[in-house]
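Here come two complexes built around chain A, the first alongside chain B, the second alongside chain C.
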Partner chain A sequence: MESCAQKKTYKAKDYKSELKPIWCPGCGDYTVLNSITRALAELGLPPEEVAVVSGIGCSSRIPAYTSVYGFHGVHGRALPVATGLKLARPDLTVLVTGGDGDGFSIGGNHFLHACRRNVDLTYIVMDNQVYGMTKGQASPTTAPDWEGSKLTPDGTGINPFQPLVVGLASGANFIARVSASDPINMAKIIVEAIQHPGFSLVQVLSPCVTFRPEQQEWRDIVRTAVVDYTDDAARAARRLMTDDGFNVGKVLYKGSRPPFRPEFEHTDGSVAELEARFAL
Partner chain B sequence: MSEGSTQDQPINSLGVLLAHALAMETDAADRYGELADQMEMHRKKGVAGIFRRLQNAEQKHLAELEELTAEMDLPHIAPWDFKWGGESPEAIAVGRVSYHMSVKGAVLLALDHEKQAYEFYRRIANQTSDSEVRRLARQFADEELQHVAWLEEWRDKCGPDDEKPLDDPDPPLSQE
Partner chain C sequence: MTVKSVSLVIAGSGGAGVVTAGSLLLEAAAQAGWYALMSRSSGPQIRGGEAAAMLRFATEPVMSHDDSFHLLMAIDWENINRFSAEIPLVAESLIVGDPAHGDAPAALLSGKPRQAALPMVALAERIENGRPNMVALGAIAAMIGLPPEAMQAVVERNLKRKGQAAIDASMAAFHAGIAAAVDLPAIPKLPAVAAAANPRWSITGNEATGLGVIRGGVRFVAAYPITPATEVLEWLAPSLAKVGGMLVQAEDELASINQIIGASYGGVPAMTATSGPGLSLMIESLGLAVAAEVPLVVVDVMRVGPSTGIATKSEQSDLNIAVYGLHGDAPHVVVAANSVADCLFTTQWAVHLAEAMQVPTLVLTDQAMGQARAIVPKPAELAFIGQRLTAPAAVEGQRYKRYAVTASGVSPMAIPGTPGLTHTADGLEHNEFGTPSSQASDHQAQMDKRQRKISQFNYGDHWADIEDSEVGAGDTAIITWGSATGPAREALQRYSAAGGKARLLSLRLIAPVQPEKMAEALRGIERAVVVEQSHSGQFYRMLRAFYDLPAKTVSLHQGGPLPFGPQQILDQLNQLNAGSA
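And then the complex of A and B:
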């Protein structure tokens, strides 16, 4: 007798909400949203088994535009929220989305420790090297000579943050860089990132067409990385340290560190029991 | 995960052709709809109207295809295994639009992608060894040509105002 139980198939649009994005036309974040929904459909994950957590910023609006569980948190705190969620509900697939300002400035220390803890999360950072939502200030990844903001008329003069190198050094278990101009490959890499155990970091070069219009040229500047991923962190570090930031489209590092999955004691869930456990 | 074939091989299976056609029409309808939504959100009614009309045309194609394939068991092809590589030919790349885009600019962009869709089906028809795949691919190519003709007509009707980049009465300003 044939089984009646068949795995339900999903389309990308099954993961989109009815809310229309308000990003600027041409923004790379549209592409990231499409790539995430394509990836989830390809994995066949039921929407109720997925959560997207974000902080603040243009790209952090993604949870509102998806039909999965979402948490639009406070600035820079997406990773701690996602960490707590994944530890409490390890059955959920937890994605974290946000921008370079949210993730590497106010959320910078959380980023380091999320990499170090290696909880099974997929962190998709839409890096446009600018604070777009607050009208165009230099972010941690902005080049030191960018003069586009009146707050830094002569550029910041500060070395930009190198998220992939820092992520690798801090313990991220999967590292990739993709371009918003290649959404299909981005979807493929997001699938790999979700499937890889531990903390997966995907940097997306996602142009801000309004405050960094010159980034529209990224689609012509980026090149497919010529080397395949390595599982050797030292080799990956050497590659990333000599990289100009435009090698995209491939996984750069896959580690084998086991994810952090603490065992919890089961309780009856009562507040009284919890209070008793914390009593001095 | 995928039962698709490699990108440099001809399509000799009706199911594979229809899976490609369904994906292409779905992508086109969705993308034109997204672009129409974006332009409506930014009060660019002229450009939004073009994309909305194209969305409706693609949805009609899609509905016909869905009816044709309703009882068929089509192969699953992962997004990255389709013959076109990258996004499907009819889907305008999100990064190629702008709220400054002129009406004529939108027409030309859509025309470029409709031509790519036509070229895709024409190539499939020329390469295949299967007569039914050839017949259907030619039919799909002809349908894309109708969109091409319609857009060319629209392009030719565009006046000087349709070529001007759209004004922004409230331009983005860097914070003081």
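And then the complex of A and C:
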């Protein structure tokens, strides 16, 4: 008998490409990239069995900075690309990365339905409440009175989108909020998110040091959530409704809905049988 | 008329059983060994409402509807004015109506058709559970020469679950119709044919489209419902499941196109089907598939546009968006089916093209062929199976180039899961590795390869169907595409029967254009008529832009939803030649 093959071990750097990120120095997305690669190493997943899918935006550049299979699509459509990939290839571990504009504005409808559909994906949203790539416009999570953009000089005047509340109501099966200032904990939560079946939503408070320099204070404002996760959606909803957005570092909700996965196995049917139904 | 055929319409209000009657008649005609084409027209109501089933029967394959109908069987007259333009009637035509519902509306009488009465309601009332539509079918069968045994077999098959009493009631009403037909004026009759002599299929264009992509190897479909493409999806959902595939109903067309991009990137051949409004939403991501070189097939079952247009009726007006709609220079493939049966060939070919060239391939069909059911000769087996050039394994010491610049332009594609070949597929311009690049040289090299792979591909003889009169091509051509091909074929037949010589060119490959093949096909042609169902003559303008056409080329174009009649095209041919004699 042959001995069992030793499971290969990986380090975080094994999941990084040689490309230098285009991000600004101090951008929160650097630590998110680190946490993702750290999580993949901890899970010991061979790079070729992982895919990272993204849309458009600063944070959507992540796939090319990893050494796994990547897909960098168009603005707002990362979730459907990932849905198709995971359904066609259930053997792959599929992560989706992006920002608040990509996910909750232009891609908002896909966000709702990805939560509803509950395909086994891990969606990591780097929320910095601004469009960075287009140089600083209000995003769906921006406060209504933020006057830092020439596009909305008097503020947007509309309340920010609540991604975790909406995610929960839409059926996300795993919900967590983490801070880019704590990469070790973020990696731990991403591991849990990947391991949890179904659609996992991880909101990362990831400061934009260039267009929202005041967000550098987030590291001092955030606090570790005091309670552990619940599997009761109603309780999770109550917590989120009274939450100020800065309780981080813990999983908030873990559901037990089975992931969406229609049959994709070869049955006894054949193309000839399909054709026979047309014959006279 | 050279084709021995009978054309008829069954019309009536919702609940009159018009569509059921048409389907039973088509099945019975199949049983009798005939060929047939059935189109449906219906009002805007979601359910019920007036409807008309337009049928043409022949002992040879039917390519098109005729210029007029021999018979209009009106079970009642409700809202029939809405269809009057779609039911051309001439002096030889016969309108049969039920006196219980009054006289035929004036809108139907402009061609001075003959009229006769058939008391369908009264005859049906004499039979327990008898229905007027079965009385109408009996009369039609007697008038066109359809053997009663054929209908008996079909009724037994269809009403089996309802029991013998239902079968007996239907057949009693049917026979009452046959008996009453003795008093009706004559219309052409077709001879009986030995059914076994011709292996035939009964299929709709939308079903043929679904079967074509499955034959080609598609196993993942994501789609959003839209008229008139929904039947493609409804056929595919259970059929894919039988062959190890799946269909996912997406939240919108943006999701459909991107889900199939994801599945195809994962190595599973994928497609979606939609109509004009959905195609409009997909356009940005089609460009992504061009740039990232993801093979996929998008079928557009065209309807009348612009905007919501006329959702239930046909037009060939999405040619421009299919060819030119993508932003940037985005080399891709556009093909078009030219008949119900050709939906099968063209979609299967499209999967082959998409996979072989790693390019998004659009297939244009339309409502007229998609929702029509035809009895056609059994389609041939085709060898086209999607085959993608994949990169099987990493080469020691060499970094994998997903977008390697090759002579053919096609780069071996690494499927996720393959060790050592990880890369990021990108809609950003990139270098050979897939790394984003804004350098002019990378853009040039990648554009060149994207163009080269579709320009240099060998499309064989399938780029167009070319058919000549029996006595040769002469110096006159009809150039057309899609649904307009059916009436153009029949026009050619009639022209030929009258001693004329002409060549029919029906383009299946819309893009990339094939100037050399066209030049060869037009050798010796001095006059041409370009036929299409588009208000602005989109096809004619495209031909003018890319091809050397004969000096005397005229455009015959009209917007939907009325189809061309063969005579319209024949008149144009005659006029073209009269002017040049």
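For this structure, a couple of remarks:
The rule is simple: the second predicted complex is superposed on the first by the 261 of 280 C-alpha atoms of A that agree within 3 Å, B and C clash if a C-alpha of one lies under 4 Å from a C-alpha of the other, contacts with A are read in each partner's own complex, and residues count from 1 in each chain.
One rule holds for everything that comes next: contacts are C-beta pairs under 8 Å (C-beta built on N, C-alpha and C of every residue); 3 or more make two chains touch, one makes a residue touch a chain.
Keep in mind the model is a prediction, meaning the values are calculated, not measured.
Once the two complexes are laid over each other on the shared chain, residue contacts for A:244 go to neither chain B nor chain C.
In the superposed pair of complexes, A:89 makes contact with chain C only, with no contact to chain B. In the superposition on chain A, A:154 makes contact with neither chain B nor chain C. Judged by the touch definition given at the top, the superposed model places A:228 against neither chain B nor chain C.
In the overlay built on the shared chain, the residue A:216 is in contact with chain B alone; chain C does not reach it. When the two complexes are laid over each other on chain A, chain A has no residue in contact with both chain B and chain C. Of all the residues in chain A, the ones that touch chain C in their complex are 19, 46-49, 51, 53, 63-64, 66-74, 76-77, 79-89, 91-92, 109-110, 112-113, 262-267, 269-271, 273-275, 278-280. Against chain B, the residues of chain A that register as touching in their complex are 9, 11-13, 20-28, 30-31, 34, 38, 42, 134-137, 148-151, 180-185, 187-188, 207, 209-211, 216, 219.
Those residues of chain B lying in contact with chain A across their complex are 1, 26, 30, 34-35, 37-39, 41-42, 76, 78-80, 85-87, 93-99, 101, 172-176. Interface residues of chain C facing chain A in the complex, by the touch rule stated above, are 30-31, 195, 199-203, 207, 211, 214-215, 220, 222, 239, 241-248, 250-252, 254-268, 270, 284-285, 287-288, 292, 375, 378, 416-428, 434-436.
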